[in-house]
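Presented below is the structure to which this report refers.
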Amino acid sequence: MIKVGIVGGTGYTGVELLRLLAAHPFAELAAITSRAEAGRAVADLFPNLRGETDLAFIAPDPAQLKACDLVFFATPNGVAMTQVPGLLAEGVRIIDLAADFRIADREVWEQWYGMEHAAPELLAEAVYGLPELNREAVAEARLVANPGCYPTAVALGFLPLIENGLVVTDFLVADTKSGVSGAGRSASVANLMGEMGESFKAYAIPGHRHQPEIRQTLSRVSGQPIGLTFVPHLVPMIRGIEATLYARLNDRSVDLQALFAERYRHDCFVDILAPGSHPETRSVKGANSCRIAVHTPLDGDVVVVSSVIDNLVKGAAGQAVQNMNLMFGLDEDCGLKQVALLP
Amino acid sequence: MIKVGIVGGTGYTGVELLRLLAAHPFAELAAITSRAEAGRAVADLFPNLRGETDLAFIAPDPAQLKACDLVFFATPNGVAMTQVPGLLAEGVRIIDLAADFRIADREVWEQWYGMEHAAPELLAEAVYGLPELNREAVAEARLVANPGCYPTAVALGFLPLIENGLVVTDFLVADTKSGVSGAGRSASVANLMGEMGESFKAYAIPGHRHQPEIRQTLSRVSGQPIGLTFVPHLVPMIRGIEATLYARLNDRSVDLQALFAERYRHDCFVDILAPGSHPETRSVKGANSCRIAVHTPLDGDVVVVSSVIDNLVKGAAGQAVQNMNLMFGLDEDCGLKQVALLP
Amino acid sequence: MIKVGIVGGTGYTGVELLRLLAAHPFAELAAITSRAEAGRAVADLFPNLRGETDLAFIAPDPAQLKACDLVFFATPNGVAMTQVPGLLAEGVRIIDLAADFRIADREVWEQWYGMEHAAPELLAEAVYGLPELNREAVAEARLVANPGCYPTAVALGFLPLIENGLVVTDFLVADTKSGVSGAGRSASVANLMGEMGESFKAYAIPGHRHQPEIRQTLSRVSGQPIGLTFVPHLVPMIRGIEATLYARLNDRSVDLQALFAERYRHDCFVDILAPGSHPETRSVKGANSCRIAVHTPLDGDVVVVSSVIDNLVKGAAGQAVQNMNLMFGLDEDCGLKQVALLP
Amino acid sequence: MIKVGIVGGTGYTGVELLRLLAAHPFAELAAITSRAEAGRAVADLFPNLRGETDLAFIAPDPAQLKACDLVFFATPNGVAMTQVPGLLAEGVRIIDLAADFRIADREVWEQWYGMEHAAPELLAEAVYGLPELNREAVAEARLVANPGCYPTAVALGFLPLIENGLVVTDFLVADTKSGVSGAGRSASVANLMGEMGESFKAYAIPGHRHQPEIRQTLSRVSGQPIGLTFVPHLVPMIRGIEATLYARLNDRSVDLQALFAERYRHDCFVDILAPGSHPETRSVKGANSCRIAVHTPLDGDVVVVSSVIDNLVKGAAGQAVQNMNLMFGLDEDCGLKQVALLP
């Protein structure tokens, strides 16, 4: 059994990790910390876990975490980087679900996250935990930076095109939409149901932190800087991300359907739909799956990709468990075979 | 009083027309027809109209319609074109809320709508009823083609850019999202709440009928063919359209905020938000308003416009009443001063 | 013109008052106060009001309020009672949308609201502003206690039965359901869309403040204490209340349909539906209307009433404007003729 | 392995059965029939099942069903009763998720379902499949009538009270609320999202088929006829039922909390919440669980129970699998350990 700790388990990513770990045959949850909820039973905060766990939140406690094989950080940005060095030194492996180690360029990170990085020496070592891109590196990693939700949906949709040099990379568009659980579980007027319900809007058009993260991934694959316009939107539903990606083709002769299918032939969590399909976010609700359709509408000089994930699963906790499986030599889909809840 | 008839008032566009006309000081609803609901009280089908109207649906009846000053067609595509010539001959003016007269090129229309046009001789005369573009022509028109919902939101967002030649027009992207009332009020499994609720998806990526309509508008303004990739999406809410528009700027020096404000200075139903804003669909729910924000994110070589309307109001029935006001010499906002319902 | 002030206009009741007053021909908004938002344009907080008002929130200012003919309090419970005496002394009339003056029995009020009453001398004078019950008293009132949202729906549904002594009054059941706007616009985890969306629950079963308010109304009408079990529920939608009321009939021979119709024959905002109907909350969305159906299912010894209102309109701001109309001798429906938004 | 057949798997109950059976270690889906969808891949209709099953729908085929150990009927009412006798004769065991065998009294059944019963000789044999009431009988049954969704939530909430004679049984009230998936997956205007979204209403107040089903269960337990007023409502969400139950206590001295806990001590799928709790439907979304809270508000002479289930799981497919487990000697929770999806 893998002895697992969770730091900061009171948000939506935390409860989703708990749901998935409850069904995992080889992981044993040893400790879950929360400064605010210390002493409270986990199942009291999240009633869906009644009968699944007797654990209570504990105050942050390095000793208990150091006794774990693996610690997940489900904390706000800026927390993991202060605790990770100490845990690594004790031989604990880390998966950070926040953004602390996602961007290799310290300056870029500090500019977008508005603080000084507390562990810049680890930026080079941290592995960007998108298994479909970095499977081998994840398996060897001490420290995995679990990708952002939008970056997962966008990168998986663009990768086959960029890897094969098929599109003009100076004007890529990613128009993305997320359910409200992506905004987190903190009290705020903007996230009330009275504010978000029955309404749709774009946000962060001037710039969003996931833009440099996606640009880093795609630029590495491309071998040159790419130009990406990234606009996120808020959808009045709880779970799900859809990304619609646009790029000009510089080669219309390629069979994109076959290319996408081939690219992800060995990736059990990426599903390329039949030609003409439109993936629905509900088809992945609660499942660690990314479903993708590729189109070349009308004149055929533009490629349009639609990619869907559950932001809390393949976009966060599920991908983290997938990375854990790789790090500990388990089957990649161990504990992740849940069928999406439809309707 | 303008004596008004409605043909086909049992859909969402129909009930919205009724709601607006009930508040209009100079319009008098004389007849409303429906083959399926003939004999049934309007307020029985639409309980929000209880106490507002005593009218019952009648079977289609040319005589009653010919006695009207104006007839709205809120029918499926292909119906208006068979009845309009006869009514025009009697001096009745027409606003068609369907697509029969929106596209001037008969071949293009027949290709997208999959039927032969029954009144091609009227295509040249029909005025495309986007008042912010064709105000004077609408005022003089016998036959107005009320624009589609997506085309209204997209055209109003792109117009200032295209009219001033500020963007590269061979790769425009319109990523649009609509509430489910846009899918109509016909029984179908796909439109059940069990199917649409808590889910988001793109649809019609290979091609949607609003693409040629938008392309026609923008190409006319541009003076040359434009390249437009148009992808609609379905949002799990009832009312509202948001269009996010992307284009490369060929001149970064222009003050786009000032340009948009100036362009719509005299248009009471177009509201340009302050720099940095993100319009929400709920800010126009039930109102005949289009709210727009213009951005140049990050590097500044791409312009992003976000434009919102209520698909049933400025995207359909409200715009139709706005056109009626122009045609009959009334104040453009007569009967259209409803404040949006928020929350 | 009635010169109107609003104290505390940043909640959902406040924005709804503003929407309705914007359409009122004889009310002029002179001042709106908010400690937290002083200096901010009202239309900046509530974008649906862009173009409707140039007013900005001001800090609480007795001088400006004293210059008004009427002041609405849309404040949390406990605020109005501290300011009302001073305003009354200046001849200003008051409509309190909070609970400060709803319960005549000071002890009961203090027990349920957990504070000492600051103006108990006004409790006897305050008129409970349910026009369908107290129309004449409202017209004469200096101080009107605008009823709670649930109490409005429940009282209108029970009144005809209690007034006529038709039901056993020691075991009345009111099972009520409200959209989330009833929970207000304050930041709290419980009211996030991630918490409230796609879920339904009862709350406050041990006791809710609206129970003594309803009991007071019905006991007065009955002439004896009534036994009422009141359970509210939260519905994942924004606006609307439905109340399902249950009581045993002690006389099965009465024509309840006729009785209800007769009871509300002169009440323009109460609509008794045809036999066999089921009112939908959407049929009153945005409208100052209460729609009611009365049934005697199966064996016929139990009466079931279903009553719907928009909690922000007939359940709050609309009823307040209705009361204002009565107080100033206007037509009762002046400025309140909005048709409900459906769909 | 249990060889399983499903008749009529194209509705929401069908897809949920498929989701649960995909995770069941001892059930093997051998055949699924649908007249309308014969030949179509199951995963094509329900994209959440992509990768889970290669099965296609087949036309109804007695031979394939007779080769099964167990056949589930997920058909409209009136279908199972025509096919069950033939299958039983071949030794196939049956779980009918429709209503054909739920009511033992043929006359009552025929009155409520409006057709002649085709297999009345089986009504006495059929076991009402509420395991918490009839566990032993289910284990021995050839034919199980899977309870309705509302009856499951209501019966589990009332049972401890009725079994112990604690309440006055001539005036029980069950005010119940269901998500829209309970209305099924057939095309109809009434079930469109444009009709159901953002609205709440009661329906079937004059009488609903689940009333006699619940009355039968409670009357049997009570040993005498009970008087039940049952009103269902429609909630704008997809999954979930909440039932609020009201009864007068005839003995206030009993510790109801302890009584409920004791009653369900050995029932792994019934969870009695702590005193003062209010169960949320989301706490059981996707899980085969019923969570219950019991209250005695205010004066203490009335008991109020709130009971929640997922209508498609404990209210249909999950309970069916629970019954299958009992019939085949498996652990009752085999394949049913899914944690509810929250948020």
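In this document, chain identifiers A, B, C and D correspond to the written order of the chains, with residue numbering beginning at 1 in each.
Going forward, contacts are C-beta pairs under 8 Å (C-beta built on N, C-alpha and C of every residue); 3 or more make two chains touch, one makes a residue touch a chain.
What you see is a predicted model, and the numbers here were worked out from it, not measured in a lab.
Enquirer: Is the C-beta contact count larger for C-D or for B-C?
Expert: Between B-C and C-D, contacts are more numerous in C-D.
Enquirer: Of all chains present, which has the mean Cα position farthest from that of chain D?
Expert: B
Enquirer: Sharing over half of the contact pairs with A-B by residue number is what counts; pick that pair out of A-C, A-D or C-D.
Expert: Within A-C, A-D or C-D, the interface duplicating A-B belongs to C-D.
Enquirer: Counting only Cα atoms for the centres, state how far chain B is from chain C in Å.
Expert: Centres of chain B and chain C (C-alpha means) sit 37 Å apart.
Enquirer: Using CA atom averages as chain centres, what separation in Å is found between chain B and chain D?
Expert: Centre-to-centre distance between chain B and chain D: 45 Å.
Enquirer: Centroid of chain C to centroid of chain D, CA atoms only: how many Å?
Expert: About 38 Å, centre to centre.
Enquirer: For chain D, what residues touch not just one other chain but two or more?
Expert: In chain D, residues 12, 181, 194-195, 197-198, 236-239, 279-280, 282, 285, 343 touch at least two other chains, as defined above.
Enquirer: In the complex formed with chain D, which residues of chain A make contact?
Expert: Listed in rising order, the residues of chain A that touch chain D are 12, 15, 19, 22-23, 46-52, 181, 198, 238-239, 271, 273, 279-280, 282-287, 289, 291, 337-343.
Enquirer: In the complex of these two chains, what residues of chain A are touching chain B?
Expert: Contacts found on chain A: 171, 173, 175, 177, 179, 194-195, 197-203, 205-207, 211, 227, 229, 231, 233, 235-240, 242, 244, 246, 248, 276, 278-282, 285, 293, 295, 297-299, 301-302, 304, 306, 308, 343.
Enquirer: In their complex, what parts of chain C are in touch with chain A?
Expert: Per the touch definition, chain C meets chain A at residues 12, 180-181, 183-189, 191-198, 236-238.
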